[in-house]
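Before any comments, here is the structure.
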C-alpha cells in the first residue's frame, strides 16, 4: 500500500486557521441559506433554492420511464387479472418474492387462473425480470409507486386484489394492452 | 428577610426557566442549524393540527416519545446509582448558573438587587468545582450499567474531562490576573472599562490566547464534536449505552445545559458579560464627547438582553463548530489536551503575568 | 441559625464517614467519602473560608476521589459482607483510643473553648488573604511543596515514557 | 448376433431388436413420441426417423429391426431436417399454450422443439379448433388441441390394461382422442395415461395446476399402498406448503421389470395424500385432564417412560401390549422388536389385527394386503410370539393388559370404533405413535408423531420377499420423527442405549440377525431392491 501524504505547513499544523477557514465556509452556507429561507417566507426570491431537500410525500422526483415501481397486474376487459398463473415470474424471480396459487378457471378458454397472487415487496429486488418473463402481458412494474411503509410484514405482501387495482403512471405505461382494455392488441396465447 | 428569599427565588426561576427553555430549543436548533448549514431543510414534520412552525414541535414530540419509552435498568446493574447518574449530570450542569451574573445591580424600590443568584466570592472557582464534579455522573453511569463497553466508555469520557479540566482552569488564571478578582460579578463589571478610550476592555481583548484555550477546553468538557468521543452515538458504545427513556433525556438535556453554561461563562469571562459597549448606568455615551441619559430600568433590560443574546450567539457558535469540524481520534484528543493546550495555558499564564506586571510597573 | 446548620452538616459528615467504613460495597463506600468531603467543604464555607471550601471540592472531590473511583472500576465488582468488629488486641487498643478521645472531648467542653473568640477581618478566607499569607509567611514551605510536586510530575512522565 | 454401427459406435444386440433399442444401449436417445418401450411400435409420429446407409429414404427407428453391419446415422443433417419438418407438422394445430400447460417442463414436444426445431410457423391459415378441458373420467382431463395423436394412451389401455375405453375419432386434422360412448374411464390404471402421454393432452386432475414441474424434486421410493411394493418417484417441493398445504405433489412409477414394469395403480398413486393431510400429528402431546398439551420430545419421553416403568413395577411385562403396523419399515419394526420384545421381554406383540390383509386385489398390481411391509414384519418375527393382535385388544378390554402401545397401527379401521373404545378406555396407559390422527388417538395418554414414508429412510419387504429401499424426500412435518428414532429416544430415557445413528445402522443389524437378510446392506439393495434368499421360497 502506498500512502500518499501531504506535509502540513505550519499554518495548517496549528489547526487554528484551518478551523477558521472551515467555519467560514459553513457560516457562509448558513447565512446564504438563511437569507433565502427568510426571503421565501416573505414571498421573495422563490426561484432560488435554499436547500436541495425534496419533501418526499408531497414532492417527488419525476422517475424515468424505465423506472420500476410497485407491481401491477394487467386486467382483461372484465376486470379479472390477465395472469394465467404460469408461474414464470415466480420461476424467474431471483429473490422468490412472488407466490402464486393456481386453480382451474370455469371458462375452458382461460383454463387456468391465479387464486392467490402475492408479491412480497419486502423481498423484491426490483429487477423487473417478472415483467420480462410474463408471456401474457400481465405483470408490470410501471405504477411509478414506491411501496408504502407498513406496520407488519403482512402489510407489505401485496395480494391479487391490491395488485389488480394498481394503474400505470400516466404516460409511463409499458404494457401494450392497457388495463381493462377491449380486444388486446397483443395476444401471444390467444387468451 | 422574606422579600430576600422571594427575590432569590424569582431570580432562580428566571435563570432556570431561561436555561431550560434554551436547552429545549437547542435540540431543535441543532437540527435546523445543521440542516441550513448543509443545504437541507431539517426536521419539519411534527405538526399540531397541520401547523408545523418550522419543526418547533419536534422537541415536544421528542419529550413525549422519550417519556413514554420503557425505562430500563440492566438487571446486573446498580439500580440506585444507575438512576442517580443522569440527575447528577443535570444537577452539576445547572448549578453553574448560580454564579453567572446576568445583569448589573438593579436598583428598585430602594433595594440593590445584584442580578446573580448567588454572589459567591469564589466565583469562577465554583464553576470549575462543579465542572469537576460532573465527572461522577459519567463514571457512575458507566459503572452502574453492568456493561463492559459502558464502563470503557465512561473511562474514556472521564479521562477526557479530567485532561481538559487542567487547561480550562489554567486559562482562567489569565482572566483573574487581568481583572484582579475571581468573582464573576467583578469580572463582568471590570469589563466596562475601555482601552485607548474606545475599545471595550473585554476578556477577549485582554486574553486572546486564553479565550481560545478556554473555549477549546470548555467544548471538550461538554463532550461535543470535535471532542465527542465519549458519545458519538452513531458508532461508538459510550457510557449511556444502557440508558433509555427519561434518564437518557436527562443526559441529553445535561449536554445542552452544559453548552449554555459554557456559553454563559465564556460571555462573562471574555465577552463583557452583560456589558454593552458605550452604555453604562448613566446611559448611552460616546467616549469623550457626550452622554445621552437613559432610565435605569431600560439600561438593565438592555444589559440583560445583551447577555442573553451573547449566550445565544455562543450557543449558535458551538453548534456551528460541532457541525463543521470532524472528530479527533482518541490519541489526538489526549495529545491535543496534554501536549498542546496545557503548555499553551502555562505559557499564557506566564505571558499574562509578565505583561500585566510590565503595564503596572 | 449558623449553629443549626453546623450540627446538620456535622451529622452528615460523621454519618457519611461511618458509612465509608461500614459500607459493604466499595462504590458506595467511595460515594460516602465524596459526601464526607463535600460536607467538610460546607463546614469550611460556614467558617467563612470559601476559598478553602472550593479548593476542597476541586482537589479532593473532583480529582483525588476520581482516582479512587478509577481504581474501583478496574476491580471486579463483588459484594463484600460488612466485616464484624474485630476483637482482640487491636480492637481493644482502638477502643482505648476512642475512650481517650471521648474523655478529652468531655473534658474540653467542660473547661470551655480551646480558642478564644476573635474578630475576623473582612476578607478572612478570601483568595487574596490566603494568597498573601502563602506568599509571605509560608513562602519557603510553599515553594518546597511545589518543587516536590514538580518532581512527582516529572517522575510520573518519565515512568510512563519508559513503561 | 447382429453388430451394427450407430453414429460411428459399434454395438452388438440380439436379433429382432429395433434401432431405437440398440441406440439406447449406446446411450443415444432417438427422439420419439409414439414409441414406448412397453407398448407395440406403430410408427405413428414419424419423429424417430433415422438414416440407414444404403437405404434412400429415412427409416423409423422404433420399428426397423437391426441387421448385421447396418450403419445408422441419428444426427446428420438429413435426419435433423426431417425432425424439424415433423415437428413443424405436429405443431401446426398446437395451441402453444405452454404457460398454462401442466406438462410444460417435461413435455417432449417442448423439449424437442427447443432442441431441434425452433422454426417460425409458416402456417397462415386458421388453426384447427378442438375440444379443450374434456373430462375423460374422475382422474384425467383431455385437451385435444395439444394432442399429437401418437395413440400411446389408446394402446396402453388396449395392451396393458385391456379395457379399451379410448379411441381415435374423426379423420384428418379433425382427429381426436375420445372415449367410446357409454364406456367412461373407470379402470384402476388411468393415472398412467398422464405419464404415458408425451405432450400435455392428458393431464392428471390430482396434479393439475398444483405445481410447475420444474419446482419439483424427485426421490426414489416405494409405494406404500399395498404389498406389491411398486417402485415410485416421489415428486415433492416444500416451497409453498403454507399456502397449498401440499408438499408431495404426485407419485409416478419408476421402471422395475421385476415389480411394476412402468406402471402404477391409481390406489397407490393417489394414496399419498395422508402425508400432508391436516390430520397429521406434528408435535408430541400429552393428555392432561381432558386436554392435550403439546410438549417437547424430552418431556413426552420422560412421561411415557415413567408411566411405563410404573406399570412394569406394579404388574408384569405381560400387562403390556404392543401393536405395531406393517406400514412401518423393516428398521422401525426391528427397533420395536428389539426394544419391547428382546429388551423389555414383552410378549404381547402382534401386528395382525383381524382383517389386516382383506382389501381387494385386482390381479395386476394391486394386492389384497394393503400393507407395504407385511413380509418384513413376518420375517422380523413380529407375529406369533404371543397372542394375536385381536386378542391383545380383547385382553385390554378385560383388563389383563394395562398398557397398550400402538406403533402406527389403526385398530379401529379393522375392529370398529365401538370395540376399540371399550378396550382402550379400560387401559391405564395408551401410547399412540404414528403419523396421522385416527380413532385410537382419542384414548391415547401420549401421542408421539411419527414420520411418513416420504420423510424417512428405510426398507420395505414386499410380498415376493423383495427388499426395496425408500428414501427421504422431505423433512419430517413439524416435530415428527421416524418411528425408530422415537423408540430409540424412549429407550434412552428408560435407560437402554442402542448405538444407532441412522436407519442404515439398524439395517446392518437386521442383516446380521435376521435370516434372509444376511449379507445385505443399503448399497446392495440399491434403487431396484433385491430378492431375499428364503429357504422356504
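By written order: A, B, C and D. Residues from 1 in each chain.
In this section, contacts are C-beta pairs under 8 Å (C-beta built on N, C-alpha and C of every residue); 3 or more make two chains touch, one makes a residue touch a chain.
Predicted model only: the values in this text are computed from it and were never measured.
Visitor: Can you identify the chain nearest the overall CA centroid, using each chain's own CA centroid?
Guide: Ranked by how close its C-alpha centre lies to the overall one, first comes A.
Visitor: By mean C-alpha position, what chain is farthest away from chain B?
Guide: D
Visitor: Can you work out the whole-Å distance between the CA centroids of chain A and chain D?
Guide: Once rounded, the distance between the two centres reads 47 Å.
Visitor: Quick one: report the Å distance separating chain B from chain C, using the average Cα coordinate of each chain.
Guide: About 30 Å separates the centre of chain B from that of chain C.
Visitor: Roughly how many whole angstrom separate the Cα centroids of chain B and chain D?
Guide: Chain B and chain D have C-alpha centres separated by 82 Å.
Visitor: Would you mind pulling out the distance in Å between where the CA atoms of chain C average out and where those of chain D do?
Guide: 91
Visitor: Can you list the chain D residues in contact with two or more other chains?
Guide: Within chain D, no residue contacts more than one other chain.
Visitor: Among all residues of chain B, which ones touch two or more of the remaining chains?
Guide: Not one residue in chain B touches at least two other chains.
Visitor: Could you say which residues in chain A touch two or more other chains, in rising order?
Guide: Residues of chain A touching two or more partner chains: there are none.
Visitor: Examine which chains touch each other and state the graph shape they make (line, ring, star, complete, other).
Guide: Contact pattern: an open line, chains touching in sequence.
Visitor: Return all touching chain pairs.
Guide: The complete list of chain pairs in contact reads A-B, A-D, B-C.
Visitor: Touching residues of chain A toward chain B in the complex: what are they?
Guide: It comes out as residues 16, 19, 22-23, 25-27, 29-30, 33-34, 37, 50-53, 55.
Visitor: In their shared complex, at which residues does chain A touch chain D?
Guide: For this pair, the touching residues of chain A are 84-88, 90-91, 96, 99, 101-104, 108-109, 111-112, 116, 135-136, 189-191.
Visitor: Going by the contact rule at the top, pick out the chain D residues touching chain A in the complex.
Guide: 95-100, 104, 132-133, 208-210, 212, 214-215, 239-240, 243-244
Visitor: Quick one: in the complex, what on chain B touches chain A?
Guide: Touching chain A: residues 33, 35-41, 212, 320-321, 323-325 of chain B.
Visitor: Over in the complex, which chain C residues touch chain B? Could you list them?
Guide: Contact set of chain C toward chain B: 27, 31, 34, 50-51, 53-55, 57-58, 61-63, 66, 69-70, 72-73, 126-127.
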